Amino acid sequence: MIVDRRWRVTLRSFALGYLALLLLIPVGMVFYRTFEHGAMAVFDSVTTPAAISAFWLTITVTLIAVPLNTIFGVLCALALARGRFRGKALLDATIDLPFAVSPVVIGLALVLVYGRGGWLDGLPFQVIFAVPGIVLATIFVSVPFVVREVTPVLREIGDDQEQAASTLGANRWQTFWRITLPAIRWGVAYGIILSVARCIGEFGAVSVVSGRISGETETLTLLVEERFQNFDVAGAYAASALLAIIALGTLLAMTRINPRRDDE
Amino acid sequence: MTTAALTLRRPAGRPGVLGLGISTLWLSLIVLLPLAAVVVRSTEGGWDAFWNVVTSRQSVAALRFTVEVSLLCTLVNAASGTLIAWVLVRDRFRGKAFVNALIDLPFALPTIVAGLTLLALYGPTSPVGINVAFTQAAVLMALLFVTLPFVIRSVQPVLIELDKEMEEAALSLGASNRTVFARVILPNLVPAILSGAALAFARAVGEFGSIVLLSGNIPFKTQVASVFIFKQVESDNPIGAASIAVVLLGISLLVLFAIRALGRWGARHDR
Amino acid sequence: MIAVRDVRKSFGDFVALNDVSLEIPDGSLTSLLGPSGSGKSTLLRIIAGLEEPDKGTVEIHGSDATQVPPQRRGIGFVFQHYAAFKHMTVRDNVAFGMKIRKQPKQRIQERVDELLEVVGLAGYQQRYPNQLSGGQRQRMALARALAVEPRVLLLDEPFGALDAKVRAELREWLRRLHDEVHVTTVLVTHDQEEAMVVSDHIAVMDKGRIEQVGGPVELYDRPRNRFVMSFLGPVSKVGEDLVRPHDIAISLTPEDGARQATVSRIVHLGFEARVELEVEGEGTVAAQMTRAEADHLELVERAVVWVRATGRTAVPA
């Protein structure tokens, strides 16, 4: 189909206009608003004790959730791509659940299990309104990413290489470490990046379980909301800008890794 | 290794029962257990209590508004998403790679920041005087933001794979450009559009962070189901919250099944 | 008649067609034959209007069609990979051209059934392309192209994606169809056997130019240059000349103008014998003769013989 010039330009304008109005200009606006009063003010705003504590909490939670979900992700991907067992479709559908469930419902679910009067109420450590709750919520929302990225790669490359390794004498661990893992590394990397972005940005579920104790159970995203509700708009923008920069960094990493993924 | 010593070895790389077991355990503990709690405990106060909460005026208003605005958002996405995917695949212009990368921004950006972002341009301090804060339009806008990538990313690969020769065949048979699009291209895109739209709907229906600052959460006007559930939890009524959550979960799961059915239906023509 | 005049087409730095001119007589089946990169597909697509030439004109049935878009040229096009509308049934595929011309339903129904009968797909109306084999899909594509009664039928390596047996069958079938229907047909192929079996005329192309145009026999017997000769059949080099292997005479006694050679291998293939010879000072030459001839000469390995080209087709260097 050879679209004539006029149509092409019209369609392009619509598309770019939509994206500019919805995406580009608002994001630009945030940065403008943030740095309106100078970079020093921003720096001060993101280095308050509350902010630093929020930052470290977010990082810590992410550093717990992502590795765990990566291990799970690779194991599960192997099961889905190579395994033969009944209930594969069920496993497949279950993995998608975190995408289908509202973050608030996720938080609620954790409260109903680990909170006062919950099924697992009475554990030796506090879950709800404490860091473990935040960790559990963050793990929940980032469960699918590595699996979803690695499974198609495993399917695509097939297990010929692994069989070859086996005939050459490699045991299961050696095969996995030397053959399988290198073959899927870009899929894993991409999945990790998506997970990290999701963990850092989680808000709804954490909102419910955290208790928002400043300096203790307040993540960066919760900090943004708190500052906004307390009319510290500049502070909210500063924290947002920090999160936005991390997000843009994530995007950049995604763009870099994508072509490597396709080459695999 | 003598023949006698050669044992039947399972091909390396095939996951043992162990791998599968760990995965299942992880999923059950992290995902299934909490979700089960929601479903099971929602009726803890008895069926009457469940019914009352779910059919209360505020609850119905919130659920209805949520579904309506999510449907509208999905429709807009189906159209705009297809358009943007078309431009990204078929058009050539400087900075296209940049725009293409930008599409994933809503995936990468925290929802609370998304809300604040829209507020900056379209809220009370808007430099262009557009203020939609605390209106239903604001909710729609927030949803459009967070669901932007779904239809686009769903349609793009299909468009790229589309057999160019099919279009040329249609041309050679006398079809105008419009006919080629309507009768040859679009029918092949529909499954992808629907699939992306379903994903967008599922996301929109549960969205929270981007709406919370922008909409004002006015009951009966701009309050969505997720906010209503949150308020129930805050008011120390987790069981009531669970009841509404079950209804919301029901709607989301329905959509998930629809996606899979659509995927299978769409694939029946392919080889 | 289709007339292509002085057409030139480049893709970036690559010159696909270099001042190409060709006349295709009405009602004939003409092949564009050449190796990949010769420009034959490009030429076909320019005739179809799917590509625009940088320079030159295309005339279809007396009127200048160079600026006319493909929709209005009255052509039928068949693609190597079928280009089936995979979301439509066989019936809807074939009916497509007629439907968009808003022809009456009854007439469409009749013609589709008629055409499917002709291509051997009667009863397949409700199937989808993915339920058909490659050969069946291509026959459907042909029916689809013929449905709108094109003035010109263009086929771009139509049998290239099919396996050898199906290819041979469809080749025969296409020739028979052309004999019945008589639409001016242009076929692009890289398979010289296909071109020879099916066509009235062949245009041999190489590197964006037409090397020679003629009937199959004429091109085989009187090739204008080495390229045409070696593309259209087997060749052997004797001295400075290219000859056909069956134009090499072998004798057991020295003769005028003959060179000495040793038989290195004899392969018997049915009624044919292929004799590989080491010619003094020159290297390997392949000769071809009937079993009877080989037996008569009592050729064995390592026998010493004398070889000579029997002038009929010999092209000097």
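Letters are used for the chains, namely A, B and C, taken in the order the chains are written, and counting of residues starts over at 1 for each.
The rule is simple: a contact is a pair of C-beta atoms (placed from the backbone, for glycine too) under 8 Å apart; a residue touches a chain by one contact, two chains touch by 3 or more.
Everything quoted here is computed from the prediction, not taken from an experiment.
*Asks:* Using the mean of all protein Cα atoms as the middle point, what chain has its own Cα mean nearest that point?
*Replies:* The most central chain here turns out to be B.
*Asks:* Looking at CA centres, what chain is most distant from subunit C?
*Replies:* A
*Asks:* How big is the gap, in whole Å, between where the Cα atoms of subunit B centre and where those of subunit C centre?
*Replies:* Comparing mean C-alpha positions, subunit C is 53 Å from subunit B.
*Asks:* Using the average of all C-alpha atoms in each chain as its centre, how far is it in Å between subunit A and subunit C?
*Replies:* That gives a centre separation of 57 Å.
*Asks:* So how far apart, in whole Å, are subunit A and subunit B when each is placed at the average of its C-alpha atoms?
*Replies:* Going by mean C-alpha positions, subunit A sits 15 Å from subunit B.
*Asks:* Hunt down the residues of subunit B that sit against at least two other chains at once, touch-wise.
*Replies:* 171
*Asks:* What does subunit B use to touch subunit A in their complex?
*Replies:* Residue list for subunit B touching subunit A: 9, 11-16, 19-20, 22-24, 26-27, 30-35, 37-38, 41, 80, 83-84, 86-88, 90-91, 93, 99, 101-113, 116-118, 120-122, 125, 127, 141, 144-145, 148, 167, 171, 177, 180-181, 185, 199, 202-203, 205-209, 212-213, 225-227, 229-230, 233, 238, 241-242, 245, 248-249, 252-253, 255-256, 260.
*Asks:* In their shared complex, at which residues does subunit B touch subunit C?
*Replies:* Within the complex, subunit B touches subunit C at residues 163, 165-166, 168-176, 179, 183-184, 187-188, 268-271.
*Asks:* Once bound in the complex, which stretches of subunit C touch subunit B?
*Replies:* 48, 50, 69-72, 75-77, 79, 81, 83-88, 96-97, 100-101, 128-130, 141, 144-145, 148, 154
*Asks:* Would you mind writing out the residues of subunit A in touch with subunit B in their complex?
*Replies:* Against subunit B, the touching part of subunit A is residues 1-4, 8, 11-12, 14-16, 18-19, 22-27, 29-30, 33, 72, 75-76, 78-79, 82-83, 85, 91, 93-113, 115, 118-119, 136, 139-140, 143, 159, 162-163, 165-166, 170-172, 174-176, 179-180, 194, 197, 200-204, 207-208, 220-221, 224-225, 228, 236-237, 240, 243-244, 247-248, 250-251, 254-255.
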